[in-house]
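Here you go, one structure.
Lettered A, B, C, D, E and F in written order, each chain numbered from 1.
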Amino acid sequence: MSDNDVTRIDGRTPDQLRPVTLERGWSKHAEGSVLVSFGDTRVLCTASLTEGVPRWRKGTGEGWVTSEYSMLPRSTNTRGDREAVRGRIGGRTHEISRLIGRSLRAVVDFKALGENTIVLDCDVLQADGGTRTAAITGAYVALADAVTWAQGRKLIRSKAQPLTGAVSAVSVGIIDGTPMLDLCYEEDVRAETDMNVVCTDDGRFVEVQGTAEGVPFARTELDALLDLAVKGCAQLDGGQRQALAAD
Amino acid sequence: MSDNDVTRIDGRTPDQLRPVTLERGWSKHAEGSVLVSFGDTRVLCTASLTEGVPRWRKGTGEGWVTSEYSMLPRSTNTRGDREAVRGRIGGRTHEISRLIGRSLRAVVDFKALGENTIVLDCDVLQADGGTRTAAITGAYVALADAVTWAQGRKLIRSKAQPLTGAVSAVSVGIIDGTPMLDLCYEEDVRAETDMNVVCTDDGRFVEVQGTAEGVPFARTELDALLDLAVKGCAQLDGGQRQALAAD
Amino acid sequence: MSDNDVTRIDGRTPDQLRPVTLERGWSKHAEGSVLVSFGDTRVLCTASLTEGVPRWRKGTGEGWVTSEYSMLPRSTNTRGDREAVRGRIGGRTHEISRLIGRSLRAVVDFKALGENTIVLDCDVLQADGGTRTAAITGAYVALADAVTWAQGRKLIRSKAQPLTGAVSAVSVGIIDGTPMLDLCYEEDVRAETDMNVVCTDDGRFVEVQGTAEGVPFARTELDALLDLAVKGCAQLDGGQRQALAAD
Amino acid sequence: MSDNDVTRIDGRTPDQLRPVTLERGWSKHAEGSVLVSFGDTRVLCTASLTEGVPRWRKGTGEGWVTSEYSMLPRSTNTRGDREAVRGRIGGRTHEISRLIGRSLRAVVDFKALGENTIVLDCDVLQADGGTRTAAITGAYVALADAVTWAQGRKLIRSKAQPLTGAVSAVSVGIIDGTPMLDLCYEEDVRAETDMNVVCTDDGRFVEVQGTAEGVPFARTELDALLDLAVKGCAQLDGGQRQALAAD
Amino acid sequence: MSDNDVTRIDGRTPDQLRPVTLERGWSKHAEGSVLVSFGDTRVLCTASLTEGVPRWRKGTGEGWVTSEYSMLPRSTNTRGDREAVRGRIGGRTHEISRLIGRSLRAVVDFKALGENTIVLDCDVLQADGGTRTAAITGAYVALADAVTWAQGRKLIRSKAQPLTGAVSAVSVGIIDGTPMLDLCYEEDVRAETDMNVVCTDDGRFVEVQGTAEGVPFARTELDALLDLAVKGCAQLDGGQRQALAAD
Amino acid sequence: MSDNDVTRIDGRTPDQLRPVTLERGWSKHAEGSVLVSFGDTRVLCTASLTEGVPRWRKGTGEGWVTSEYSMLPRSTNTRGDREAVRGRIGGRTHEISRLIGRSLRAVVDFKALGENTIVLDCDVLQADGGTRTAAITGAYVALADAVTWAQGRKLIRSKAQPLTGAVSAVSVGIIDGTPMLDLCYEEDVRAETDMNVVCTDDGRFVEVQGTAEGVPFARTELDALLDLAVKGCAQLDGGQRQALAAD
C-alpha cells in the first residue's frame, strides 16, 4: 500500500510504533510499578493494592480497580498550571483517569480479586503524544505485578485468575490523508482525525474513541484506522508479555 | 434480519428510535432554545450568543462555541448531589460537556461566525438514557436558531454560512447479543457494549465512543453498531430539518 | 382606592397576581413534582423522599425537610455563570435555599413525618421576578404529593397529618409610590421597596422580608404591603387547593 | 402593659436593651473601627477605605460600600469549624454579610462618596445573640469615622454629606407569648418568632426580617414586634450619636 | 556591648522586649482564653477542649493538641483578603498554624491528657510584627487554663501533669548589623535575617527557624541571635508565670 | 569522636551522606532539569523560564524565582491522597514549596536576571526522607542550567551573573543521642530532633529550621547539628559543581 511509502516526521512508516519500553519495578514502595515510554512520552505507572473496598462495594466479595492520571506541570512544552494549585481537576484529566480505569476493569474478574482495591496512578513525566495510551499499556503491567504480589502474600486466595486477559492501547490518526499509528505530539496536532483504541490480547475492543478534529471522517477512514490500531495493540501486547516474562 | 423480531422493553424494534420531539423557542430569554425529548429523556438546550470571544481568541476574527451539560439533581431515579453544592464538577459532567462542545464545533465555520461566542447550556430535566445524544441533537437546533437570530441583527455579517452542516447523535448498544438503537436507561444498564455516535447530515462521523461494559466486543459487533447509529442519525437529521422548517 | 386605577406594565391592576399554573406530576422519577409558573417565571419543584434522616437527627423519631434552589444559567436575560463551574454557591442562592426550607418546615409536624427526609429541589427554568415566591408556592404542592405518596407506601405510618397547614408566598413592592402585588422582573428592578411574604393558609406569617432598595420605608407603607401580600397568598392558597384536588 | 411585669433571664424588662457600648478607634490600622457590645455579644467592626471602586462601577463617579461578617470559631459556646479551613462560606454567613452591606448602603449617597470603596469587616469575637444587629449598629459608627477620615484627607471632596442618615438594628422576638427586645442567645433559642429590624434615625425601615421559628405569627404580634424594634433602634441611635460626639 | 547603645524606632534597646500583656479569661465561652499583646500586636487565643480525639488516635488513651492561626482582614495596615472568601488557606497561615501546634505539643504529655482534644485558635486582631511568637506565648497560657479547667471537672484524671513545662516564643533579627529582640513590623521589614525561636522554661529549644531575607548569615550571627532569643524567652516565661499566678 | 563508631541502619557513619546523584537534562522540554537522588529519595526538578514577571513586579526591571513541590501519591510507603483530587494543597506541601523558593532566591540577583520568571517544579517520584533538601539541592542545578540557557538565547543580557552563589541543603537529626547527617525515612521517624539546613557555597546559612520532635534540645546539641550540616552542604556543593562542570 502506497501509504507506507510516506515517511513520518521521525522517520517511521505509517504503521510503525515508536520505540516502546516497559521498565518494571521502578518504585520501591508500590506493589507494582512500571516506567513506560512510547518514544519521548514517559509515564510512571504505580499500582497500590490495599485490602478492603469502597463503602458501596463492601460485603459483595468483589474487589475494585480505579485509576488517577496526571501530568507534571512541565511534562509538556510549555508549563501548565498544577491542578492541585488551581484546586480543581480539569475535564481532560478526569476523562483520561476514567478511561484508564474502565480499560483495566475490562480484564478484571472482581470475584477472583476478592475485596481488595488497586489504584493505578499514571503520572506523565514527559509528554510527546499518546500519554493516555502509554498509561493504559504501562498500567496493565503494573496491575499484573500487583496481582502477583498479592497472590504471593495470600491477599488474593481465589484459584481463578483475577486478570482475564491483557489490555493495551494505541492512538491512530489521519494526517494529510494517511492513516498513521501511534502519533507523536507534532503529528497529533496536525491530525484531521484522532482515535484512541484499547484492545484486549485476543484482538477485541474495550474502548474506541474517535474524534474529528477538523472535518468529519468517513466510514472507510474509520475502518482503516481500526485496522491499524488492532495491529499496533497486538505488538504492544507482545511487549507486555516480554516485560512480564523477564522477571 | 432476525434481530428485528426481538421486542424491546418498551415495545420498539431494535432499530427504532424513541419518539423524538424538538420544541423550539422554549425560553423567552435565550437567542435559541429547544426542549428536546428522546422518549422520557428531556433536555433543555439554550444557546446564548454574546459578542466577543475568550481572550486567547481575540483579534483572530474567529468565533467560539462551547457547551455546559448538567443534570438536575432529581432528573434521575434517585436524587444525585447537586454539583454546585459539592463545589466541584464530576468527571462524567466534564466529559459530556466537552463532547457536546466538540460535536457542535465540527460543523461551525468560525470565520463566518465572526468574533461571537455561543454557549450551549444543556440541562437534563428528566433522564432516561441517552441524555448526551439528546443534548447534542437538541443543541444543534438551538445553535441554528441563535445563528439565524444573530444574522437578523447583523451581529453576523459574513456571507458564508456559519454552520457547514447539521449534527445529531444517538446511542447504540448490544443487549443479549442484539444491537439496538437509542437505549433507554433500563437497556443502557443491561448493555454489554455501549456506543455514542455523532454524525453529520452527510453521514460522516464527528465522534465515535464505544465502551465495553461487560466483555470486550468484536469488530463485527462494532460494525453492526455503526450501521445502526448512522441510520438513527439520519432519522434525527430529518427531525431537526422539520423542526427548523416549522417556523 | 385610587391605586387600583394605576395600570401596570403588563396591564394588571396593582393588587392582581400574574396567571399562576401548578402542573403536578411533571417528573416521572420524583415522589412529588410541580412545574409552577407565575407569569413568565417558571420553576421546576421536585420533592425527593428518602427513608432516614441526617446524622444529627437520628434516633429522634423526627423527620427533616430541606431545600435547594438554583437558577439555570440562561433562565435570565443575560447568561449567568453556572455555580457548579465556579465551584461555589453564591450568597443569594444560599439565602433563598434557606428561606424555602424554613418556610416549608413551618407547616411540617416532624414527629408525624417520622424519620424520613424530603428534599425540595427548586430549579428556575425561566426567571421573570418572584422566583423564590413561586418556588415556595410550588414546592408546597410537591411536598404534599410526596407525603401522600409515602403514606400510600406506608413509609409514613403516623395517624397525625405530617402537614399542619399549607404555605404560599408572594412578593410585594412599592413602585412610584403605589404598593403592587407579585412583581415581574421589570417592576422588581424599579421598586423602591421590595418585600417577600410567606403565609400559611390561615393567614398568619411564616416569613416577612422587606428591604428598602432606594429610600427607607415608613410604617404605613409596610402596613399596606402586608395587606396586599396577605390577600395574594390567600389567592395562591386557593390555587394550591385546586391543583391538589385535581387528581 | 402587663408584659413589662415579666422579668427576663438576665433581669431586664421586655422592652429593655442590654448594656450597649461602642468603643471607637479600637484598631490602629483601620480608617474607622469600633468594638461594639450588646451585653456579652462583642463584634469588632473595621472600616477599610480604599480609593477606586470595583470594575463594574468604574467611571460612574459613584462609590461602593460592602461588608463581610464572620464569627471566630470559639466565639460561641461550642467551637464551630473555621470557614477558611472548610474552604467555603456557609449560607448564614453569606446572608448576614449581605444584610449588613445593604443596611449601610441605605444611608449612603454614592455620588457624594465619590469613587471610593469602604469595606466593613464585622468579626464576632464573642457571641450571645444579636450578632448581626450589633454588627450593623457598630459598623455604622466605623463607617462614619472612615468618612470623616477621608474628608480630612480630601479623598472625599463633595460638599454633600456621603451619609444621608444613621442606621441601627435590633432583634425582637416573642417568648412565651411576650414580645421582647434585643434577645440574648438563650432567649433567641426559645423564641417562637424572631425578627431583625434595621431602622434609620428618622424611624423608617431599611430591613424587616421576621421568621416564625415555631408556629406562624399573627398580624397583631408582628405589629407589637415592630413597635418594640422601632423603640429599641431609637435608643441605639442615641448611643451612636453619643459615641460619635465623644471625640 | 556597643549594640546596646543603638536606639530602636520605638526607643527600645536592642535586647528589650515590647510591653507584654497576657489578659486571661477574655472569652466567656472558651475553656481557656488569653488576649496577648506584644506592643501593638494583639492576638486572641482561645483553647477549646472537647472529649474524644481524632479518629487516627482513638483507643490509644492519648490526647491531642492542635492549633489554627488566622489574621482578621484589617489586622494589618492594608486590608487583606479574607481566606474564607478566597476559599483557601494561604501557605503562610498553614505554616504558622502548624508551628503553633508543634510548639505546644512539645510540652504536652498526651497520656496524662487522656483522650481529650484541645484546639488553640489564635486570631490576630491587630498585627505589628511577631504575631506567631505572641500567639505561641499566649496560647500556652490558654492551654494551661484549659487543662486546669478540665482537671477541675475530672475530664482529666491522670495524676501526672499534662503539661511537662512551659513554652514561649520570640522573634529576633539583624538590622543594620545589630541583632535585635522582638521585632516590630517596621523592623521586621528591614531585617536582613529573621529568626523565630521557641523555648521551654528550662531554656531548651523547641523550634528554631532562621531565614536570610537579604544576604546569608554567618555562624557568629546565628549564635548572637540565639543568645538574644533565649534571654527574651526567659522574660516571657516570667510573664506567663505571673499571669497564671494572678488568679 | 565516638559518635562515628555508631553504625546506621544502612551502614553509614553518622557524618556520611547517602549516595547523591544529579542527572541533568532529564526532561527534553524544560529549560533546566535534574533528577536528583539522595539514596532512595528521587526528585525530578524542572526549571521553567518564561519572559515577563508577575503583575506586582512589572516594570521594576527585576525577575522572579518561585517553586512548587509535590509528592506523587505513591512516592511513599502507603499511598497518599492526590492533592489535586482533594482540591486543596496541604500545609506541609505549602511550607516546603515556600522553603525551596526562598532558598533559591537567596542566591539570585534579580536585577541581573531581568524581567524573567523561573518556576522550579520539584516532584518527588520516590520518597525516603530528605525530600525537601534533595529538592533544593537539585533545583539549584536546574536553575543554573535554565540561566545558562537563557543567557545563550540572550533572554538574559546583563553582564552581572544572575546567580550570586550556589545553594544546597541537608537534613540532620539526633537519634539515640547521636547527631546524624542526611536522615533516611526510618531515621527521620526515630529522630528526637530534626533540622533542615540550607547553606550557600561559602558556608553561610540561608535557612535553619530545627524542630524538637520528642524532647526539646539543648544549645550544645543545636551546635553539633549545625556543624554536621555545614559539613554535609559543603560535600553537596562539590557534587553540584561536578555535575555542572560535566557538560
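Worth a mention:
Heads up, the rule we're going with is that a residue touches a chain if its C-beta (ideal position, glycine included) is under 8 Å from a C-beta of that chain, and two chains touch if they have at least 3 such contacts.
A quick map from chain label to UniProt name: A, B, C, D, E, F = Ribonuclease PH.
On a predicted model such as this, the values are computed, not experimentally measured, just so you know.
For A-F, the matching interface among the pairs B-C, C-D or E-F, defined by over half of the contact pairs being the same residue numbers, is B-C.
Of all chains, the one whose CA centroid is most distant from that of subunit E (Ribonuclease PH) is B. Between the Cα centres of subunit B (Ribonuclease PH) and subunit E (Ribonuclease PH) there is a gap of 59 Å. Per-chain CA centroids place subunit D (Ribonuclease PH) at a distance of 33 Å from subunit E (Ribonuclease PH). Mean C-alpha positions place subunit A (Ribonuclease PH) and subunit B (Ribonuclease PH) at a centre distance of 28 Å.
Residue positions of subunit B (Ribonuclease PH) touching 2 or more other chains: 87-89.
A ring topology is adopted by the chain contact network, closed into one cycle in which each chain touches exactly two others. All chains join into a single ring; listed from subunit D (Ribonuclease PH) onward through subunit E (Ribonuclease PH), they run D, E, F, A, B, C.
Note for the complex: subunit C (Ribonuclease PH) touches subunit B (Ribonuclease PH) at residues 27-30, 33, 40, 44, 46, 48, 50, 68, 70, 72-79, 82-85, 87-89, 93, 119, 121, 123, 125-128. The part of subunit F (Ribonuclease PH) that touches subunit E (Ribonuclease PH) in the complex is made up of residues 88-92, 94-95, 97-98, 102, 106, 165, 195, 199-200, 202, 204-212, 215-219, 222, 226, 230.
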